[in-house]
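Some structures to go through are shown next.
Next come two complexes, and both contain chain A; in the first it sits with chain B, in the second with chain C.
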Partner chain A sequence: MTDATAAVPAARKVPAWAEGPISVVFALVVSILGGALIILMVGENPVNVFGTLLRGAFGTPERVAGSLLQATPIITCGVAACIALRAGLFNIGVEGQLYVGAFAAAWIGFGFQLPPVLHAVVGLAAGMVAGALWISIPAIMRARYNANEVVSTILMNYVAVLLTSYLTIVVFKRPGGWSETEPVAATAHLMRLIDGSRVNIGLLIGLVAAVGLHLFLTRSSAGYSVSAMGSNPKFAEYGGVRVKRNIVLVLLASGAVGGLAGGVETLGVHHRFMEGFAPGFGFDGVIAALLANGHPLGVVVVALFFGALRAGSLLMEVETSARREIITVIPAFLILCVSAQFLFRRRGGVSGERRWRF
Partner chain B sequence: MTAAPPKDSDLAVELVGITKRFGAFTANRDVSLAVRRGEIHALIGENGAGKTTLMNCLFGMIVPDEGQIRVDGRAATILSPQDAIRLGLGMVHQHFKLVPSLTVAENIFLGMEPTRGGLIDRAAQSARVRDLSRRTGLTVDPDRPVRELSVGIEQRVEILKVLARGARTVILDEPTAVLTPQESRDLFRTLRGFTEAGMSVILITHHLDEVMAASDRVTVLRDGAAIGTEVTAETTEGRLAQMMVGRPVTFGRKARAATGGATVLSLRNVDAHDDRGLQALHDVSFAVRAGEIVAIAGVDGNGQTELAEVISGLRRLSHGQITLSGRDVSGAPADQVRAAGLAHVPADRLVRGVDTRETISANILMGRQHQAPWARGGIIRWGIVREAAKGLIGRFDIRTQGPDAPVKSLSGGNMQKVVLAREFSQEKPFLLVDQPTRGVDIGAMEGIHDEVMRQRAAGVAVLLISVQLDECLRLADRLLVMFNGRIQAEMDPETATLDEIGLQMMGGRTSERAAE
Partner chain C sequence: MTARKLLSGLIATAGTLALSTGLVAAEDEVRVAAISGYFSQGFGISIMQGLEQAQADLGIDLTIVDTGNRALDYEEQFNNLAQGSYDLIFVMGWELVDALSKTAEANPDTRFIFIDGVLEGDTMTYIDFLEEEGSYMVGALAGLLAQEGVAPFANGPELGFVGGRDIPVIRNFLMGMQQGVADNAPDVRVVDVFAGTFDDPAKGSELAMALFGQGIGTIYQAAGPTGEGVLQAAAAAGAFAVGVDIDQCPSAPGAMLGSMLKRADIAVYDVIEGHVTGTAPVVPGTVQVGVASGGVELKICEDILDQIPQDILDQVEAIREGIVSGEIAVALND
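Coming up: the complex of A and B.
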């Protein structure tokens, strides 16, 4: 009786399981309407622009492959962000881990000679180690000194981008110019899945990672401990979960998967490390994880959507006067909607009392 | 037993036939309540009986589906708290709604500040608070920031805030939950002053002793319906308890067979510090044997929290030794203490006891997610967990739809049962129960006490930490009184009187002299 929310269940119009998906669809609709408004403001016809966007993303088998190609790193980066999110931690540094992972994998690829398959595996492993190393500083600082990992992982992004640039331009400079490394040996290339497209086995790696994370969190003892820690750390600590140790382990795992995403890009797509090769894949992954509310399978869905937006916007830029940047408005609106819902949910938590404000 | 209906003109507030449904759940069923001018009317009932819903209807926070509200004899439409305030109603919530960084006067006049030339007239504001303070006897310093106040004083500010808005009927929701006995007595004296001045008070509580001490009449709610209204002077605690629960309730000391076993838990010269780095435990030594209940009594904040945390591995000790089942667990992390033989009902169930977002099954699993038969090869066997949860829901009478229901859908008492179900079913040699019946109603309290006694009979060593003295006396074989981080005294619960124990809770001899 003292706790109005516990004793008095709120009147529900939709079943509990449907609330998540419904709110995502709602956010999508609002975002697309917002995007349409912006397109109108730049003097284009939204129907025409969105039509072109759709054709660009799904018009032909090649374009579908293009969408999948764009979605691949977002899926893996999203899984990386999910790992941290479900333990109640924020890894905003996926972008940085992607960069160092990409460079480490490329370095294995062009700097060493190994038999096929093994070469690629070692390259990806190196990417994961690099990603884990990259987040180890924020991880230890969080566990030991309670330093906010949001800030420290973001800052590490800048260091990663600049460090890999330095390594590319100065240390491993390729004779003859270009801000990219030597090409990766063919033995380290990842297997392609579709003829005439750069879609590679990395897509499957991302999907397996997402499914694997889902099973880990829902089925395994360790996964239970991790998600309990994310949901109520005091409860987990009381139940015997070693919270500090897990903070480090979870962040290392998250960073490793971020590094893996980078390794896949260099060994599977570009076959070299290029300065600034990944326009915001890491951040898109973080956003996908937030939109999916930390659900790894939801991340796949959101990442496919983002991939389609990226691929579709290429054609849109060619055929209409709308620029590619316009399309970044849609994820931006999505974030806005989702954070607004988050706030509303918070307010709902004190229902019955919330009108009691002077 | 229902008092004769008074004349309409005597009534400050009248609720007639209030019904409020939430979906399929009926929170209030045809409830009528008449509060006379100049009376303290207690409203009692178990958790979930519908007291809060009824008051939320009166105060305009929710709108009833059926029924009528009359204020001062006139039918009233109350659609928002603003309407209620205009009609002279005021509500003091259990959880205060004050702005910590603002002063007392600023909080009291928030949103209705006296102004001069468009600016807040601070001098007038403070003067009005002082005037109000003097008239009501609620002493406050108007210029002190609220964050520097104790909870008792914060409550005074809340009451003054309500009075400053012209309340003639004051509703207090569980006002004594945060107060010391002394502060409670002061509060009731103040409330009596209000009613002598012609105001009315509605007192929501589930402490029967307060009802008996402070109220003129009392209305009992059960399962959303009003069971009856009694004149306090003509009823008894036992009768009210029976009305609340629906069956006779006993309060006496639990009968027990003598048991005595080996020492299970022992503390030797334990020191520990609190979160601010101040020493919270001083040289604490005691032992708990198998089949025995040792109770730690004391006023809240005398080191009980730190004691529980140190024993359960959630806080490091700075000196001394703790042994559990023959193993040295001084400074061991929580999982190792649990492995050595600890089951633990924590004091604050919402913070440590449950994960409200998870299902009952997932909450039952905590602490044994790595153990057979709950898990095998690192994989949780959810089928077994669910079956176990189902069994515990039956055994502990947890009112819920089933093991997959989220814990946040349960009432406070049922959440506590989830914690008890998990910990009591661990079958560990040592059980630490910290405030097991805090915020739990009388019916559930019975069941919890019986369950603790069953654990004792099964040979478990039980350490009970409670600020409820009657609970300690009812259950304990030995009673330790804690004061200022020390074990102040050991007493025999069979022979010690409340006065003797109370004296030790205040620090023993020194306070005796101070009191004289």
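Coming up: the complex of A and C.
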């Protein structure tokens, strides 16, 4: 806490590595005690409830697969948010990019006939293009007119959800049935990894994206210029980084990965587009990126934690008498405690014109 | 009271019988679960009432699962339930059909009871409300009032219909209403609109205002919370609305003509009771609930009842009897 440079990974001293895990454990203990208090207030046995949470997340191989399934979109959305975050930009519009990406991928899936593999690849590419197009307006407005991208990307979320609803209900609705499109052709399905589970190669795509981003940021000069831009845009510009061009490119890349997350959901999990099918995954991704302090590999860890919490709470609802309202509070409380601890640790030594530090 | 004693006696006997013959485990409570995203809304509230009544009267073990709104969760939620050794699992909501079908197929011995529709799987049980019958009565009542120009309900030869999403079950409401109007008030026309959502009261209100603005006197809504906006719009416009699923007369007193009740509470309770007492164990197939069984009915709001001419009330009652006896057949042309 007293070490002001602790927040910069490159300058981190060896003892600082131990500081992290210890404070995470401390935060978990506090949150479990607090959660137990909430559970006692609704008249349930905390040991039983937390036991069910753990069993729901890790109890059987199927449940572990369920946790991975829940984590998949959060990983990819988190990577999308990370890309922008590292350049000192906020893409709060991952949610919207996920929706348009999901719809575009589904459209390729049900609207066209292509050979296997190629069909899925084209579908995911369409999702990425849609996500990039969706963020292009906020990106250009940010680069050219310095319009706040936080506001514009948030607003684009609403447009994306409503536009895809409109397209689903009015233009592409499957005759009869719920507000959803025709099913995606089998040639466009993403390969599943485990029998009897919907976990698919989308998980690997997310992991590759996270590792790829990590390598890009740490091993390439282009990656360095992006990080430099995030640390101090004026200095970066002075040093020869074309900041305006980079703002557009970084946001487009961020949006494309957001769209990819959506494509993975429709081609890998649902095999069709349903109106309003995934509320909140984009925001979960943004939270994961913030908690991980913009570190792509940290995003994977946080996303796995979120996924396990979600999968576990699904079983809690069936096996304990706690109602959904309470069950939603407990994971939220865990996340709050863990994130509060992260934010405390990051305080101190804020300097210069950085909008966000790493 | 005696009925309840008799009932508990029956359960006890059934329990000991089962125990002595070794048919079931020591657990003699019937375990019931219900899963939906709508337990806090109109029709879902009605289901909850039936479940809670059954819990109080029949001593069942009850688990409620709220699906939330993430499509990703549904399959795991159904799998969790299927592994939970429940005797009966009630399911409500069309968005769950896909996940339900998969789980039901993988667990053919689990008794899933889908409320409000008939699906393809033949291992499931379906409670099918004949909402078209009740809607026929709505069409007949509102149509007669409009045709005969009864103030304050009538305002020209048109009636309105506001649906939620354009899905088959909501189409059933509209078709029933249209038929009731066509058979009984041939000069009256039904103008229908769909909000595209069940969760947007503001949109419901907006659509209703537009219809009232066109000179429509009464609107029938089948749109869940979106329909709440229709009721509020009726009050604001000094016009009339017909509610749906539950008794919505108190929602906008003075601006409500009636409510088309789908008594999910009665239907759910009857199914559980039949299973618990053993008089009608739940088997795969369709349980139809219509005007005849009391599961569907038109309730005319009491505060405006005296403003409706007696001859129209008599005609509506005759129509009800006609539906019960089968003389009037409400058909769905889909």
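As a convention for this text, the second predicted complex is superposed on the first by the 288 of 358 C-alpha atoms of A that agree within 3 Å, B and C clash if a C-alpha of one lies under 4 Å from a C-alpha of the other, contacts with A are read in each partner's own complex, and residues count from 1 in each chain.
Everything that follows uses one rule, which is that a contact is a pair of C-beta atoms (placed from the backbone, for glycine too) under 8 Å apart; a residue touches a chain by one contact, two chains touch by 3 or more.
In this text, all values refer to a predicted model and were calculated from it rather than measured experimentally.
*Asks:* For A:Gly280, select first, second, both or neither according to whether it touches chain B, chain C, the two together, or no partner.
*Replies:* A:Gly280: touches chain C, not chain B.
*Asks:* Looking at the overlay, what does A:Ser165 touch: chain B (first), chain C (second), both, or neither?
*Replies:* A:Ser165 contacts chain C only, not chain B.
*Asks:* Touch test for A:Gly240: chain B only (first), chain C only (second), both, or neither?
*Replies:* The first partner, chain B, only.
*Asks:* Using the superposition on chain A described above, determine whether A:Val269 touches chain B (first), chain C (second), both, or neither.
*Replies:* second
*Asks:* Pick one for A:Met41: touches chain B only (first), chain C only (second), both, or neither.
*Replies:* Neither partner.
*Asks:* In their shared complex, at which residues does chain A touch chain C?
*Replies:* Going by the criterion above, the answer is residues 56, 62, 66, 69-70, 73, 165, 169-170, 173, 176-179, 198, 265, 269-270, 274, 276-281, 310-311, 314-315, 317-319, 321, 323-324.
*Asks:* Quick check on the complex: what are the chain C residues that touch chain A?
*Replies:* Answer in residue numbers: 33, 63-66, 68-73, 75-77, 79-81, 84, 94-95, 97, 165-168, 196-197.
*Asks:* Of all residues in chain A, which touch chain B in the complex?
*Replies:* 1-12, 219-222, 224-225, 228, 231-232, 234-242, 352-353, 355-356, 358
*Asks:* What residues of chain B sit close enough to touch chain A in their complex?
*Replies:* Residue list for chain B touching chain A: 22-23, 25, 27, 45-53, 56, 61-62, 80-81, 91, 93-94, 97, 110-112, 173-174, 177, 204, 206, 312, 314, 333-335, 337-339, 344, 346, 351-358, 362, 365-367, 369-370, 375, 378-380, 382, 408-412, 415, 439.
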